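You will see subunit A twice below: alongside subunit B first, and alongside subunit C after that.
Let's turn to the complex of A and B:
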């Protein structure tokens, strides 16, 4: 295992490539790729990779990039791609198909503000808006977490109890273009972690079925229920593959929900992505000063691990949710899902939304301190609070 | 009283060689169904099998409702615009694993001329190793008959209620311009030529494109029993040139027009408001198109 200084894009590109290479003893790897800032380096990495048994097809659009990966996956190969922002929007129809076809495709997604106007900086709106499709979504805080989560994503996606595609998500530039010390595992270790892919519903000449043809309402509903049951299984199966990851690589790829001093906290900040790093430093300081505050980092967004969050925060009465996204007419998406989770099991808890770093603005320690001051002083929740701008 | 039919002896008996099985709900006189049967015969003669990739079109309706399938081979339904992308992925993995079966896109004109144009162009430019067959009924048939860019000038559709003003897109010229190994037009009125050219394509590698003139009685407002006669008239009057192009460069006319007047073709289809159409302009256009092709075939002939 070698420790190198690499960008988040490099980490994702490396992980996709070695995962694809690990399937060389089976049906190989194949994928469609298309560039968009800030993920382009990921697909460049994949395009340069000397696969023993693989084909990387540089296509004409994100829609086709996912289309090629769907065809490759359906034919039994390990398939993946990467995209960002409007590219994800353009890819959306086939993103949906990959999920409903139950294909174990891994998508490296770099969060970039959806346009217009033209903006290349970090905002989670481009992946959060895909929340209603049958995809697992994992958000990352470091380049190591990007690499580890990508490898884990294949294991999780290909598990026959799951068979759902996985999106591994990172912030534009803050991770994608920033070098961090990252352990790049050797192929041999990856081979041990990722068994050859065997897709139960692979196209088969001796079993002529029409994949995706007409189904009646009852049968279609059954298919949705199967997705729902697979989603229900995800948190437990994730833990299994997290444990085996630790055994093979000697590192923890991260929990679905990780916490800092939440056991006795009365107030917590709920964060995701790189905002978690900044928030943790501030929360640690306020804790040291005697304030009963904790922090939650949400890695898993779909399925929404609400139970785990509740279990980790037994005494919390005030939740401050930091969203680097804005759903028009609503507020933050994480906030919305958390409010739904708390209703019933935690009626009476206060849930306040802070829109921080939306459209790529910096989220500074000073801003986090303002958020904490506001949260602690509040007696009731109000509308989402826009931070980083004078309204 | 009921009569039981021994399936093996019935006229609709189906062998493994038959791509579409009995019991499908396709319309009488449907050119697509004839095309699928001719494709079955070509595959059987070549001793080959196939996997189909089908976007939204009557071809995917042919499969029928889950869990049955109207096809005897695996079918992957693609999104409307993306059948060449899906097929690129399937064909890539087939080639990585040295498997012999053909990957064939089976798509209508909407999925080919319109929404799938960019995807088709890109797969052709990459010279992906699969066959693309467009059965062109010159209309969005599934949705009840709207214009596509394959709809001929003059034709009434639900979105061109007074007749289409624009000419039909020349998809063969577009595909030839990609310099793909093989492109050919197919007419069900000339099955020997149809089968011969499919066989040519089945024995080549790279991107192969076929265009079938596919009658649609529902959309064409024509008699189902006259479907083959109609496409024969389209060939004899020069409205549908039957030819093949190798490497986008060398041309061969397979069936020469006889100089028949196209008026008969139009008269037999109620989609054409024949009294309001400029038939002279249509005759001139067809004549010029065929002359252009004849010259190309003379100057850039197929080497024997």
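Let's turn to the complex of A and C:
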């Protein structure tokens, strides 16, 4: 394993490529690619990778990029692609198709504000809006986590108990274009972690089947229930593959839900992505100053690991949810899901939403301190609070 | 944790510099981050890049607002923004050749270092000359300033896969960076950045409200400007014609305007369109692409097909005499009459035109063409006195009668060669006399073998005329080679096509005595070329013992002419365009071949025009264009974007077949049928409104209003696309 100074895009491109290469003993690697800022470097990396078996196909749109990956995956290749923002919006129809066809595709998604107006900076709205599709979503806070999560994503997606596509998500520029020291594992280690793909419903000329025909409500609903059951199994299966990842690579790829000093905390910040990284320093400082505050970092968004969060926060009465997104007419998406989770089990808990770094704004330690001050002083929850702008 | 902010411009490699610095620390066990502040800016826009490193793992993922040090990649960025949030006592490293003290007053309380990374990058050929890549040099300077291990930058460059002279640049900057560490450390004025948190009008409530304005012109390091240059054709035209101007008018199918343009400088476009040696074509920049534009035939086209009326521009009292009605005299008369002077042309012969009529055969210059152009001059109200020879006495009288006298009597002294021999007086004659008589149709040379001695236009005109007047054979004897012949190349070519033989490197020695009606025997000697003479041509040297005879019936001598200055008082100094006497009140000018012996119609026209301009300046005090030679700002092919032009063959015009034309006096050359040849003109250095600059301006900040092109410097980023796309170098960039 070599330590290198690489960007988040480079880490993702590397992980997709070595994972694809690890399937050379089976049907190889294949994907459709299409560029968009800020993820273009990912598909550039993949396009240059000398795969022993497989093909990278440059197409004319994100919709087709996912289309190619769907076809490749159905044929048994280890398939993946990458996109961002409006590219994901354009890809959406096929994103849904990949999920309901139960194809273990891995999508490297770089969060960028959905336009208009034209904006290239980080905002999770472009992946969170895909929340109702049968995809697992994992959010990262470092380039290392991007790389590790991408490898884990294949293992999770291809697990016969799951067979769902996975999106590995990072913040635009804050990770995608920032150089950080990152361990790049050798192919041999990756080969050990990712066995050749064997898809139960792989297209096979000896077993002809019809895909895409008209399906009656009962059959369609059965497929939905099958997805629901697979989604239910994800947190536990994730933990298994996390453990084996630690064994092989000697590194923790991160829990679905990570906590800091939540056991006795009365208030916690709920964070995701790179905000978690910056917030942890602040929370650590406040804790050291004697304030009973903790922090939760949500890595997994779908399925929403609400139970794990509740278990980790037995005494928390105040949840401050930091959303780098805005769902029109609602507020933060994370906040919305957390409120739903707490409804019932924690009816008395206060859940306040802070819209931080939305549309790419910088989230500074000072801003997080302001959020904590507000949360601690608050007696009841109000409307989501826009941070970083005098509203 | 140490945090560094880099101020640079798009394209300078600021983000890479952050990465190199980060790598130097990372290789020594630090936790690092390197990132840029990305946006949509193009080349030249101010950008920032950042680097932070710490012995402990870094968890911050926000931007850097209070850096420990700043690096400035471009001295034009030095300003208050540099110290925004900069911690007291921090380093400011500036890429600039000046000494750090130059900046000390501006940044009290900071430590300042300077390094001329731009020169170092250029010396090491990093980037291009206009956009040197300075980041590897600056990395070397950073290592020195911040006290990194001397080898750390090379380690980092090697780790990152840099090659070649980047290493030398880093080492050189490490050595050369100038460090001033003794500033007053208590005077820092730390300004804290104000994060813009004010809400701005949105898309709906912002309609009509003031919107944020980014004057992108401030990003520019260079700006486009326009300047027109002198095309080489205009520069060399002896007549002073606006060649490019009339060609571009023809290219736009504006034939009348083309003629009008020519008539501003010359009364003889149809004449020159037939007989000019066209130095413009020899200097045409198009030669470096394919072939010269066929200017001669296009001038003929404009002269023959265009319609333009010439009128006197004013009415003036002064009376001016022009002695001689060749091209110089008539050109002077034409311009003076246009300016409104009362002009009288005095001609010793019985018709106007001088050498144009007596020397140039009608098959090259049809008489109706000549008469038409002379008619246009007379139409301006010029008086004519024919059959009036002017001797020295008469010249004095003219100075009393007129307010100015121009003498344009050309070259009346014919050079001769005493070959001995004899026979009747007509078997050895001057070519110019022969031509005069031939053109007046009073001589024939039926069945004669004719030898013409000489290599100029007169020689070829005489030879070709002899052919048309019944000669059995015509040969030209010339002591040098074809390359040295002063005649127009096309005329040599046509003569050979018509069957005229040329004996090069042949010197006539003598003609043998003979009796009665015997044919002439001319003894010639072979020559060879030796060392170059004063004119740069190789001097012919006689080959001993190589004499040989040629038999013939007639010898025509065309050895050149010289000026007969006997009309002027003895001791007069004759200079082209200058007052000859200077003693009398009345100005007397010698012009044309008499003064300059340039020997071409175009040069004579130019001489006449300049004299007219001088006289106008004397009488009216008005300095018109052409009086003073233009500044030498000629544009050569190397300054044009030749790759933007397509190769296209020239239209050469049509000639009658040699076997047909050699028998009669009808015009040999038919010219060109349409003016599309003019579209081949590159309009060197002169805007022809091709609009490429406007079309390709990516910012829409170059506007054309009518014929004016306006750069909006408030918003022009100086990207240089307009200059890169201007085929004719009218738009060019200057550094700010």
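Simple rule for what comes next: the second predicted complex is superposed on the first by the 391 of 391 C-alpha atoms of A that agree within 3 Å, B and C clash if a C-alpha of one lies under 4 Å from a C-alpha of the other, contacts with A are read in each partner's own complex, and residues count from 1 in each chain.
The definition used in the following text is that a contact is a pair of C-beta atoms (placed from the backbone, for glycine too) under 8 Å apart; a residue touches a chain by one contact, two chains touch by 3 or more.
Worth saying up front: this structure is predicted, and the values here are computed from it rather than measured.
Colleague: Give one word, clash or fit, describing how subunit B and subunit C relate on subunit A after superposing.
Modeller: Here the two partners, once superposed via subunit A, fit next to each other without clashing.
Colleague: Once the shared chain is lined up, is A:30 touching subunit B (first), subunit C (second), both, or neither of them?
Modeller: first
Colleague: Check whether A:362 is in contact with subunit B, with subunit C, with both or with neither, and answer first, second, both or neither.
Modeller: second
Colleague: Identify the partner contact of A:94: answer first if only subunit B is touched, second if only subunit C is, both if each is, neither if none is.
Modeller: first
Colleague: For A:214, decide between first (touching subunit B), second (touching subunit C), both and neither.
Modeller: So A:214 only meets subunit B here.
Colleague: Using the touch definition from the top, say if A:79 reaches subunit B (first), subunit C (second), both or neither.
Modeller: first
Colleague: Report for A:5: first if it touches subunit B alone, second if subunit C alone, otherwise both or neither.
Modeller: second
Colleague: Have a look and say if subunit B or subunit C is in touch with more residues of subunit A.
Modeller: The partner making contact with more of subunit A's residues is B.
Colleague: How wide is the angle at the Cα centre of subunit A, looking out to the Cα centres of subunit B and subunit C, in steps of 10 degrees?
Modeller: That angle rounds to 70 degrees.
Colleague: Should A:179 be classified as contacting the first partner (subunit B), the second (subunit C), both, or neither?
Modeller: second
Colleague: Quick check for you: in the superposed arrangement, does A:117 touch first (subunit B), second (subunit C), both or neither?
Modeller: A:117 sits against subunit C, while subunit B stays out of touch.
Colleague: Which value in Å is the smallest Cα separation between subunit B and subunit C when the structures are fitted on chain A?
Modeller: For subunit B and subunit C in the superposition, the minimum C-alpha gap reads 27 Å.
Colleague: Name, in rising order, each residue of subunit B that touches subunit A in their complex.
Modeller: Checking each residue of subunit B against subunit A gives 49, 51, 53, 60-61, 63-67, 69-79, 81-82, 84-97, 101, 118-119, 121-122, 126, 128.
Colleague: Which part of subunit A faces subunit B closely enough to touch in the complex?
Modeller: Listed in rising order, the residues of subunit A that touch subunit B are 27-28, 30-32, 53-55, 57, 59-61, 63-65, 67-77, 79, 93-94, 97, 203-205, 207-216, 219.
Colleague: What residues of subunit C sit close enough to touch subunit A in their complex?
Modeller: Residue list for subunit C touching subunit A: 18-19, 22-23, 26, 31-36, 38-40, 58-63, 65, 195, 197-199, 203.
Colleague: Provide the residue numbers of subunit A that touch subunit C in the complex, in ascending order.
Modeller: Answer in residue numbers: 5, 38, 117-118, 120, 141, 171, 173-175, 177-181, 274-275, 277-278, 280-281, 362-365, 388-391.
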